[in-house]
Amino acid sequence: MNYIFHIIIIINIYIILTVSTNLLVGMANLISLAQAAFYGFGAYLGVLALMILKLPMIPTIFFVMFFTALLSLIIAFPSLRLKGDYFILATLGFQLIVFTVLYNWISVTRGPYGIPGIPAPKLIGIIPVSGIIPFLVLSSILAGFVIFIFYKLVHSPFGRVLKGLRDDEIAVKSLGRNVTNYKILTFAISSAFIGIAGFIYASYVTYIDPTSFNLDEAIFILAAVLIGGTGNIKGPVVGAIFVVILPELLRFVGFPSSIAANLRQIVYGLALIILMRYRPQGIAGEYKLQ
Amino acid sequence: MNEDILQINSVKKSFVRNIIDVRGKEENERFFIIDDLDLQIPREKITALIGGNGAGKTTLFNIISGFMSPDSGDIIYQAENKQMSIIGLLPYKITRLGIGRMFQDDHIFHDMSVLDNMLLADADDFGEFPFISIIYNRKNKIIEQERIEKANSIFKELFGEDNPFWEKRDEPAKSLSYGQQRLLGLARLFMGNYDLVLLDEPTAGVNPQIINQILIIIRSMVEEKDVTVFLIEHNMKVVLDLADFCSFMSHGKITAFGTPDDVIGNDEVRRTYLGV
Amino acid sequence: MLLQLLVNGLIIGSIYSIVALGYALIYNTTHIFHIAYASIYMFSSYMLLSFYINLNIPFIISFIIAIGLTILLSVLIEILVYRPLNKKRSSLNVVLISSIGIMIVVINIIAMFYGNETQILNPNISKSISIGNIIITYSQLAQFIVSLVLIFIFLIFLKFTKFGIKTRAMRDDSILCKVFGMDINRMRLMLFMLSALFAAVGSGLVAFDVGMDPYVGMPMLLNAIVALIIGGVGRFEAPILGGFIIGILQSLTVWVFSSRWQDAVTFILLILFLLLRPQGLLGEKKRAV
């Protein structure tokens, strides 16, 4: 049973990652390869809040959201001045810089040694949330909250501007909307919520190190979104479930774990190739990648 | 208040062409598509801009609306007793100042619903800042309702009581016919509060019946909403029918300006452009 | 010490140059963000491993077979994945994501068969020559000389052969090329072959020196992309210049900080170029029409 709960917790974390990333990829047509960097910001900021500032849970979440968004803007401002390929390349560059810094700035992040013993976040300052059931509840509530917020955003006038943006950026400009501002806001919102995923991950696993937030992870998050599909809420949710369940299924079928790890990657890769060819909107999405 | 809403003063714009010949030698060549162009657009009138293919008309529109910056020169916009240069402003700022634009190649939102196309064009952008619509949920609902009413009344005013646009309001704009898409592009301009609109070949490629509709709409813009219209047009019948003034562009300059009859009767225009 | 580092930088720079050149052949002409190039690069090392170590075939012959098979992989990628997308007029982002998919597939197939560990081709310590204080191993020397020769041949080829002129024309305008009756599909195929050749040679030379694991492609690809951007997108001399600059810069980083910060410095350089001089060192401000 605990095994299933564990899977659900991981799915919840990935739902937060993919639903937030979808705002960038599927709504604003910004393909970012820096998502793992934001995820890492969330995790390390969560550790900072829990271990050093000793904040209770709710303030920790706000702390993480705020500062992840702020750090993401350092990346967003320069990248957004670039178009197309160059934008993607810039996010890729930043992803690698963030990883190198997390990995090598040992005096602050402990680098490859990682940070063990992350304490349980405390609800209302006293009740610690630890153990699998409380995390199941916590992660489900947060994933539900993120889905709700993004649903609301997509169906608000703000969401309409974003849809306009991915459809025809020039037209949006000509109607008097400041396109750059909207992109920056989108970036900040997307990262703020990704920060939450980082926080849950860190406090659930109680140990983090930089390799959880490297370029492979960034590609993996992007793949999850694109496999599930972009442009609506359903797509990313399906994507998160797919990428988390698939390796478990492969294990279940009885592949030795050494091969299963490669095999699941091969399935993701093939899924991307085939979907891009025949169904660029992903399994359950509505927006065809442009 | 000055009679001219827009003064274009000695604007220049050049592009670089990269040429590679058969032997593989490369050369870059700079050419001026707009070369010291002067033009005044009279307020609350319809001014047409004519000229051959590739004369640089659309480029001029791009410069006025901020999508391109000129090499040199100035453009002065005179709105409500305030006179300002609009060179260097971003396109959205220029729109906010009251200069609307319809593009040669449509630029309506094909994958969005017909209604959303209208709502996104509203002059008031309340609720478009993230979370505002969630925090001020009630106010947002009221404003959205008002926007929808506004779109509906514009459709009714322009296209009659039972119009296809309102009927198809929830369908994607790409489901409209080409002519209807152009009309939607025009109708969208009524959602904003514009003093000057730039229309790039509004009648290109549509059937005579829709051309008539477009003419009526443009006239009503000027007569009922006191808008100034500056339009690029290749159809001389439309120019003669509609425009108060006409300007002819060639070699990067305005070489003839006056009433449509005068300009179209001008020797040079007849010879170099109309080919008669 | 500094001199030794500079020489090392120059040598690794020559490898970056040819790998970047292979990438530029695709990027400049088709605008494909060819991430799968990373796996093409890695593939060559493993083919060399199979023939040279596992089947015990002489090195030169193994190397030639490896290059041939790598070219075949590149051709398959173009025919099975890129060409159909091009035919469907898929957007470049779609092609990019497909390319990521290919990379993931190839890397994991190799990892499945050969394992994740580092494998070496040359268990002996390479002989070396010393000039003053500077020590250069034979395999380094081979890297440098082969790269330079390859670059030299390529530049001549580009300038004087019909294929070279067509390549430059395609860089400028592939629609126009079609109008002039060039067979774009055939051109692309040749470009993918040539590009894989550069990757395969670079990969084999490096693998002989330091060995390989299934993930060597990505860092090399990233260096190649940075070399291309620094040099200037569009010109074929540019990635050569960029490759040497990165090689030397990375050795200087080792000298001033430590090798751990090499990547950070490289990518900060990338970001600075993207923002301040997106046309690169050799590019022109605007390449219009």
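For the reader, a short list of remarks on this structure follows.
Order of writing sets the labels: A, B and C. Residues in every chain begin at 1.
Here is the rule we use: a contact is a pair of C-beta atoms (placed from the backbone, for glycine too) under 8 Å apart; a residue touches a chain by one contact, two chains touch by 3 or more.
Bear in mind that the values here come from a model prediction, so they are computed numbers and not experimental data.
Of all chains, the one whose Cα centroid sits at the greatest distance from that of chain A is B.
At the centre of the protein atoms shown, by the Cα-centroid criterion, sits A. Inter-chain contacts peak for the pair A-C. Here the CA centre of chain A is 41 Å from the CA centre of chain B.
Centroid to centroid, with C-alpha atoms defining each point, chain B and chain C lie 48 Å apart.
Separating the centre of chain A from that of chain C, both taken as means of CA atoms, is a distance of 31 Å. Of all the residues in chain A, the ones that touch chain B in their complex are 149, 152-153, 156-158, 160-161, 163-164, 167-168, 170-179, 185, 189.
Of all residues in chain A, only 31, 78, 81-82, 84-86, 88-90, 92-94, 96-97, 100-101, 103-104, 215, 219, 222-223, 226, 259, 262-263, 265-266, 268-273, 276-277, 280, 289-290 touch chain C in the complex they form. Across the complex, chain A is touched by residues 31, 33, 81, 84-85, 88, 90-98, 100-105, 107-109, 111-112, 218, 222, 225, 229, 260-261, 263-264, 267-268, 270-271, 274-275, 278 of chain C.
Within the complex formed with chain A, the chain B residues making contact are 65, 67, 90-92, 95-96, 100-101, 103, 107-112, 116, 119-121, 123, 125-134, 140, 144, 188, 192.
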